[in-house]
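Heads up, the next two complexes both have subunit A, just with different partners, subunit B and then subunit C.
Here is the complex of A and B:
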């Protein structure tokens, strides 16, 4: 008869675990407090926002900030613009990064190392460095204040190609060779072998790409001037006046803006952690 | 048909062709207004008048004209304009004050005011405001909003201390501040008698220092003999007196502290009895602290009555394809009706001086302190230099640690050293940019 080994913690182990959890809880509270403050402030009337001493919970709960946000600006339109930009950007980045990653990791061609080096070099250049020439190019192409003008810089991500290359490199070459011997086309190998084995990385990259596009501010801000084309982050900036900030409206708008990110993270957190961990271990 | 009849018919036909053409050309010369005016500005709070009322009225007046009003946070608006104007994809009309406009004027990107606009400016604004739209002897744009800096004082706190008016000079200001400051059991300031700008963004700190510096007889960048050239205007008795005032208020009289709230928020929360700001605080108080009893007053005098005086102007882009229409909309926005709507709904004040604002003062008498220019008032414009932001930021970088330095109390040599080093840096910045002149 099998005997099950039962591991029991001694008092010292239990104490250490309790201390660890306490520290983690405190850290969680510190990280969550600003979010909690933001959400509760969004339900406060303006005279309570600046009250002293400050109170976390509203005395008088109100939806007036949320109503104001949607009435004074086309906030629903901003939300849809952000959703459209993020969805299109994510799809394009996943497609180009996985294809590019596959080529760089599983194919040999002249100049591959130099090309990859140049690709990596672009990752290190901050966007602010090339946004002016990019704007001038868009202006000459007649794409200023247009949806294509907003989305074009977000269709390809150099880091994404690097990320997928690292992940796809871990797939055994034997699998690819076996597919080739069986007469599978390169596109077939990509879709039937590479993609299924890269699901975690694709999920992680997809989430990063979505978040990156969702949080975009400077480019959508400088390329658009028509209010209806603003994205969420640009719309949120409208509540900052010259000398004061409408805290109620800003927190209400921010709560609306951050909800999709929270939902996406809660749904896909395992994939994020898996993708980052797997890539880190095998790199 | 005989020959004569033929000639008559041909002549009549020709006349029938020519006459409508002439009539039509005459109609075109009158001008059918059409096009889309893009108007950009950096004050989203103005949209409640410009976008929601004025633009709609203009489009109702001219159904073939579309007006697109776009607003952005001010600093971001300036960056956006810096990209869009040179690229030719900017607005037709934009809202910007002259010191920031000069670089665009020099680059040929701004349209000079046409004759009708120039005569409107000369008729509707006193010379002190006309100058705010004048550069190299030409008028650029229409001055729109501009006001004096003023003081806010809490009437309840002052009455509590037996005071019934705002201070008129520095000595009174110090005395009133001492009487209205409150401390806790440990002697820490919990309610300041005067709220100073001790921290925050660089240009804000330098500006508030400037607000005290002007009545003391100094300024940040003083105009040199040559047009467009400046030098530091505070390495003198005025600059040293102003820094000494800050140090004394903090450490000798203890009427303010770096550890409590400042500025408009402090005033709304009744954590200060007195501070200096622009007129927008009136609208802010109405929304955030409607029950606070307060009044406004001119800035206290030390050596002279004076303060910074700058207008934000309506300007037309040099690359606009509908300049005449853009100017017409600018003049439309300057009509009395919309100026008064802005005062009531936004709280920023227009600088047009040929309008009777007495009905506004009846509803809100506190605006008067910001709109009435006293006799002998010295209004200092913001300097017309490209390095102003750098000068203010670098000055603030030196002022903030100076405010925290208790050793400057009763230390004239220390104060003089701080001011001299800051002024040297200001002059170096001006020299590097080729904008220095004695």
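Here is the complex of A and C:
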């Protein structure tokens, strides 16, 4: 029995394994080549960028493109804008989702199901469907081209409330009832029982929310017009429109935008992949 | 006393719910409910932002949409994008997931990490890089095709190739994501099925077609619906790769969301753009309904 289930390691099997690895490695090359091309181009002096036939590696390495990017365009500012607004968005989504999820899973009141259904129903409406009236509302409040205007739509996430409700529902009622009998306040229960027990869900949702905010393009693009207010995505898009022929500069800007994300990803690889799939599969 | 007095603890709980839900509800009302409702109302109005009056004009905006060649182009392009990218993405990511799950491949985390990198990087920088790869004269792709004796092409400018070029980049960006989703699904299939199949002498292909594929059906459906919806929302990469640059075709590659954006924020046709937004919602809702229906029929 044991023997039958094992692979018979003939030369044919070894060959097939090698072919499989070969295909996967070719895929790996396809995945990585654009990034390698981006990084190496960003270190080339301009005459090397537009040379034919192209060489992957720069002959003369230079930082001139990076210096140019930061001098001509406030990339550090863009980066901080993105970081700050994404962090704020993530914090707000985590707070509203976990509190909302707690209320919707462990409390009883009239109209709860209807209310939950109303909130959840907005998941079905893509952002692009209501961005025009949202812009009009923001403009009535004078929030066009302001930080609050950029971040407001990203303060809530219907999916987040749904996701946290699912996860908090798995916490045994007995635990919460015991806390209540001991005279623990609702907020105390939330922070001492519910939050510690839903840590993995919170980190998954946090990763998802942060990436979602960081990746947002069309909204910050239409709501901002002053260069200082641009988030990284918008700043880079505008920069490459203006300097589109200078591939040394645009790839340097892209590298600045991409490298921190890749480093964070490599450091927290397991958590990030898990977080993305956990939230993805429940959507 | 006829009524049961609400005890203090219960009152506290209700107050807690109130404190939590009021701000959430306020945000939802302002950021979701009202804008969604206004999209629908605006779609029946004629309003160019500058004019004071906003007369109701019934279905005129919708009628105009169906007569507009721009909208037809946008719908055609977006549909092409969806029809090309969705099945290709599913096929590649499923194949990768199956390969990574096979006993032959030992270093799954390595491949998983590499294939996932485009997923975690944001769209604009990646689109900038691909624009450089597709450059009409010095692009890496033109160098690669020249090795096979082909002439250089203006991939993003030629209307015949622009959509293909954007689609391929978009597939590259997401296959890692769906691969991981499929991989989770495959890992959840009980190994006893495969053991039984192996004893019966089923070939690798038979195991895939008779066990993996049928048992993965809910996940495949989920991926199909999600990726179709996302395909209809495509904007960022199209904007970055084709718009604004000199020599760009009068936006040959306009997409659905680009249509909405242009009409609303360039031509200020708020009513017309809202009607287009409603159309986008109807398409997305259709995909969601299909999923609900299939899932319900199954259970």
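Note that the second predicted complex is superposed on the first by the 214 of 283 C-alpha atoms of A that agree within 3 Å, B and C clash if a C-alpha of one lies under 4 Å from a C-alpha of the other, contacts with A are read in each partner's own complex, and residues count from 1 in each chain.
Everything below uses one rule, namely that a contact is a pair of C-beta atoms (placed from the backbone, for glycine too) under 8 Å apart; a residue touches a chain by one contact, two chains touch by 3 or more.
Values in this document were obtained by computation on a predicted structure and should not be read as measured data.
By the touch criterion stated above, A:32 is placed in contact with subunit C alone, subunit B being left untouched. In the superposition on chain A, contact of A:115 is made with subunit C only, not with subunit B.
Once chain A of one complex is fitted onto chain A of the other, the partner contacts of A:16 are limited to subunit C, with no touch recorded for subunit B. After overlaying the two complexes on the shared chain, residue contacts for A:46 are found with subunit B alone; subunit C is out of touch. In the superposition on chain A, contact is made by A:136 with both subunit B and subunit C.
When the two structures are aligned on the shared chain, A:237 is found in touch with subunit B and with subunit C.
Using the contact criterion defined above for the overlaid structures, shared-chain residue A:128 touches subunit C, although it does not reach subunit B.
By the document's definition of touching, of the two partners only subunit B reaches A:225; subunit C does not. Contacts of A:145 after superposition on the shared chain: subunit B is touched, whereas subunit C is not.
Taking subunit B and subunit C in turn and counting the residues of subunit A each one touches, the greater count comes from C. Overlap of the subunit B and subunit C interfaces on subunit A: residues 49-52, 132, 135-136, 221-222, 237, 240-241, 244. Partner subunit A is touched in their complex by these residues of subunit C: 9, 12-14, 16-17, 20-21, 23-25, 27-28, 30-36, 38-39, 42, 96, 99-100, 102-105, 109, 111-126, 128-133, 135, 137-138, 140, 143, 146, 172, 176-177, 180-181, 184, 195, 198-199, 219, 222, 226, 229, 232-233, 235-236, 239-240, 243-246, 257, 260-261, 264-265, 270, 273-274, 277-278, 280-281, 284-285, 288.
Those residues of subunit A that touch subunit C in the complex are listed here as 4-5, 7, 13, 16-17, 20-21, 23-24, 27-28, 30-35, 37-38, 41, 49-54, 96, 99-100, 102-103, 107, 109, 115, 118-119, 122, 124-126, 128-137, 152-153, 155-156, 158, 161, 180, 185-187, 211, 214-215, 217-218, 221-222, 232-234, 236-237, 240-241, 244, 247, 250-251, 253-255, 257-258, 261-262, 265-266, 269, 272-273, 276-277, 280-281, 283. Those residues of subunit A that touch subunit B in the shared complex are 46-47, 49-52, 132, 135-136, 139, 144-145, 221-222, 225-227, 237-244. Listing the residues of subunit B that touch subunit A in their complex gives 38, 40, 42-45, 68, 70-74, 76, 79-80, 83-84, 87-89, 91, 261, 264-265, 268-269, 271, 277-278, 280, 284, 287-290.
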